[in-house]
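In the two assemblies presented below, chain A is common to both, partnered first by chain B and then by chain C.
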Partner chain A sequence: MPVKVISPGLATSVQDLGRPGYYHLGIPISGGMDRLALRSANLLVGNAEGAAALETVFLGPELEFTEDAIVAVAGAELPPLVDGEPRETWASFKVKAGQRLSFNYLEAGARAYIAVSGGIDVPPALGSRSTYALGALGGLEGRNLQVGDVVALGESGNSVREGRSVPGHLRRLPGTPAELRAIPGLYWHRITEESKASFFDDTWKVASEADRIGYRFQKGRSLNFNERTQPFGAGSDPSNIVDSCYPYGSIQVPGGTEPIVLHRDAVSGGGYFMVGTVISADMDLIGQLQPNMDTKFVEVDLETALAARRERRNHLERIRESVKE
Partner chain B sequence: MSPNYPRVLPCGDSALTIEFGNEIDARLNEQVIELDREVRRARLPGVIETVPTYCSLLVHLDPVNSAHADLILTLSRLARDVRPQPGKGRRWRVPVVYGGNFGEDLDALAKARGISPEQAIELHSETTYRVFMVGFMPGFTYLGGLDPRLATPRRGTPRRRIPGGSVAIGGGQTAIGSIPSPSGWHLIGRTPVRSFHPDRNPIFLFEPGDAVEFEPFPAEEWERLEAQFASGDAFPKSCA
Partner chain C sequence: METRFSFGGDDHIFGEVDEEMSLEAFFKSLSVTKALRESQIDGVTEICPANASYQIKYDPDRIKPDDLMAELRKVEEDAASAESVIQTRIIEIPVFYNDPWTRETLMRFRERHQDPSGTDIEYAARINGYDSVDSFIKAHSESPWFVTMVGFVAGLPFMFQMVERSRQIEVPKYLRPRTDTPKLTVGYGGCFSCIYSVRGAGGYQMFGITPMPIYDPKQEISYLKEFMVFFNPGDIVKFQPVDREAYDKGVEDVDTGKFEPLIRDFKFSLDEFRSGIDAYNAKIGEAIHAS
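On to the complex of A and B.
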């Protein structure tokens, strides 16, 4: 019972919770950038939380269903339409055979997750259905959806019903300015005291280079480096280090000018120093940032980050409870 | 002031880095690779995956399920006790076509180093390299051991896209690219061998600790070599 792609939207890809275990070979985890939204959408249609769904960014696709299905759209406020009739986000609704699912203009956030009862059924690659376009792996032939694609769906269970929703207070989108909590680290000592302060004081703007690999920020003050002799093998710019692994969420600043936060399709390593790491609880929010949005990095310590991680887990638990009722 | 190695550094709340030093050095890399083996063997609760690099090991964690501090202690102990095991890797011979369309920076790089392109090819292909790290892109293979006469700072402006299989020099390192990617390195040649091939078993060829040698071929041989290797049906014999 496949779904036909009438128009693919700007960049729509199959994503689940990703493929850990291959980063040491250069293959990133991939999977939904906003995991909480992906899980929510799946819960709403009665799927396993980690089932494959469609991640769409800024501009939604148009899809024709060949069989009845339950659908939910969570994450960005990208209002769904069924044969042109509006439906709620963060809620499950029915799409009948022959009907078309399309979207109105984006109202907030950046990425919406379209879960369909039964989940998107593409062959798993290295244990996941997530699309890693750079490596042409997973998803539909390792790429984003195209016009004319036919997307297969899995068998849906019997817990599927329409009319479920996630209450407003449990939906999560970035505020204004967006705040990304970060722990200074690794090479923090390489920059001057003044630059340490300006990094967290400045309001940064999301650059147009903002995708699944990473988000670039600009308009803050450049960072200045403490003097040192470059270690053997490191590049000649003071922002260069001997090539090393880039953790997810790590903030690298090539040339000291524009910070880049690496995300789910991260390049696994390289020769740029990192000032710190965005905490795991705030990674989902990055996936909802639009270009030009004001963003502040907020300094936190490890204890705060671990507490935020627990809180995020509790938040997910509350979503599970709310959808069950 | 030089730090006390090995040391454990947090990278946010879901990763730790264990550093053995901050330079390119085979002995440091052997320690990293051995620690990686130890950590995998130990199957510590809360450890999701590990990534060995030149001189450090990155460990991804899920600290909700395990005490963060306990993991730091355990990993520190493993790192302190690690005994490097040199010479465990395999040995590969990789065909390369140098220069021309296959390595458009070769001439400029040779000129900047005050040698002829032929000498540059000779220097590059007479060395046995060590695979220090795989990463950046799937299968991108970092090699150490470059003749210092070829060391060249990275390009001021990176290229947006270089072909798969590019053999390049960046600073004191050389590398074998896998899939097309952006790059600030100097392209000196290309190999039809794919270090990453999703439809092949094995998917990846080179691993940290392996040894790699380059075998120069004339440009006329490219099509034959490509037919042989790029499909993924064949790969260079490891001549251990």
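On to the complex of A and C.
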């Protein structure tokens, strides 16, 4: 039975764990920007971890339920209200038929995941229910939610109950400043030693151009390039390369001025050089950054990145344990 | 041409075949990625060929980065000795050059352009030494193109013209990207032509528009029912200039489900191509219209 969208919030979309396998055709993986939060919200309502949920940013939606459901909100501290009554984040609660779920003002983080027992039921596209708005693919008609939309829910198992929660120490949000660990590489050799140092020394601020495609940062020193004759086909600016693929998490710096970290709805390639890549364990954190937040890029090597990846997996395992009955 | 490898974080390997663009670099990228696809290495989740480079995404929980790198070097070695012959297809794309829609758009963003006094195609013709827009259109449409990369956004082809470097058209991108580009605009940046698969931001110079959709997430268009993306790297494209009337007819035929793209199977040999470019391109032209 469906959920009615009374107000859609700023940008609310259906997301699951994404559609790998089509990046070579320019179709990005998409899915929740903060996957740990998405999985947590699903676990709390008894869904499969990869079930489709709603990702909402900064300003939550208002939703009217037409049947009883168990709901959980994880990720950003975006306090849920049921008919105006406060509920906990990172915890499952009941919403009865006819009741409205809305949200108070954002307290921390940027993106909250609203999981509903049974999951959001939109038709899968290329194996995923995730919304890729730029390509009008997946989700609800390939776009963010709008007023008047009716969102279908899947069948929920009968073991679902309210009152589960993820303990505080297992909830993950960026610190101050936010630290994003990155492995230098790709076209790192293009910049001077001085710029290599300043890139990691400087404190950057999240710019207003920050969305599912990528996050832009500013206020650090501009990067200087080692001189070269530009290769044929690359373009005349020293930050240009012959258009190549862009890894998820790759850090491009057009014109050497403002780094952009590509995220789940990444453009799959283009003609700007990249200084390196944010490690997989820290990708979730980017989805929780607000404009103007101080951010440091922290240089790590591959071994450290793999250890961080294992730590993140153990972290998820602890969340799984914590929500078991 | 020795590929330069770099780890992209802990779950990508990036291989730059060459710093500069060439058909040779593209062919190596294409053959290595094809061989990688066939070798079905466990843990590899994405294999993306690009113009003169490629990228692999993998799950480091399933395959160690160093092990994958070793596999990759082995595949590279084998692919280097491979014959440069590919079984592909030639596609004719109708283009309405100098159309009113891209013209209206380029006028709106004139202050972001190198030459605010003219149009994109006039600028491109002039800086590439053509005496008229017509002779420029002739150069753009006379010789075929390789689709050397599909991406940026869903289904967008980057195309590299199959001519000697001295005849390659080169143009800069807009000084600042536009926030709007009509869907199906035929654009140009660096040494690449492209077709914008969806409406949106863009920095390439705009030369014209095609009536032929190349991406359809709803999969309703007759020739996109099986898969929503039309192009693959390795496709050969020949642009066919059309006038307003033929463009309108094309749009109408797409809408009524009658439009059938002109597609021919073709076996391309890089060696034969190199031994006589114009003669080989003439053969491609004939192959399209052979019944």
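Everything below uses one rule, namely that the second predicted complex is superposed on the first by the 324 of 325 C-alpha atoms of A that agree within 3 Å, B and C clash if a C-alpha of one lies under 4 Å from a C-alpha of the other, contacts with A are read in each partner's own complex, and residues count from 1 in each chain.
The criterion applied here is as follows: a contact is a pair of C-beta atoms (placed from the backbone, for glycine too) under 8 Å apart; a residue touches a chain by one contact, two chains touch by 3 or more.
Bear in mind the structure is a predicted one, so any value in this text is a computation, not a measurement.
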item: Clash or fit (per the criteria above) of chain B with chain C on chain A; value: clash
item: Contacts of A:Tyr23 with chain B and chain C, given as first, second, both or neither; value: both
item: Which of chain B and chain C A:Val242 touches, first, second, both or neither; value: both
item: First, second, both or neither for A:Tyr215, with chain B first and chain C second; value: neither
item: Touched partner set for A:Trp90, first chain B, second chain C, both or neither; value: neither
item: Partner chain in contact with A:Gly185 - chain B first, chain C second, else both or neither; value: both
item: On chain A, the residue positions that both chain B and chain C contact, one per complex; value: 20-27, 125-126, 134-137, 142, 182-183, 185-186, 231-236, 240-245, 247-250, 267-271, 274, 276-281, 302, 305-306, 309, 313
item: Contact set on chain A toward chain B in their complex; value: 20-27, 125-126, 134-137, 142, 182-183, 185-186, 231-236, 240-245, 247-250, 267-271, 274, 276-281, 302, 305-306, 308-310, 313
item: Touch list for chain A against partner chain C, complex; value: 20-27, 125-126, 132, 134-137, 142, 182-183, 185-186, 188, 231-236, 240-245, 247-250, 267-271, 274, 276-281, 302, 305-306, 309, 313
item: In the complex with chain A, residue positions of chain C that touch it; value: 6-12, 14, 16, 18-22, 33, 45-55, 57, 60-61, 65, 149-156, 158, 160, 165, 168, 170, 172-173, 189-192, 197-198, 200, 215, 217, 228-229, 231-233
item: Residue ranges of chain B in contact with chain A within the complex; value: 9-15, 17, 22-25, 36, 48-56, 58, 60, 63-64, 68, 133-140, 142, 144, 153-154, 170-173, 178-179, 181, 196, 198, 203-204
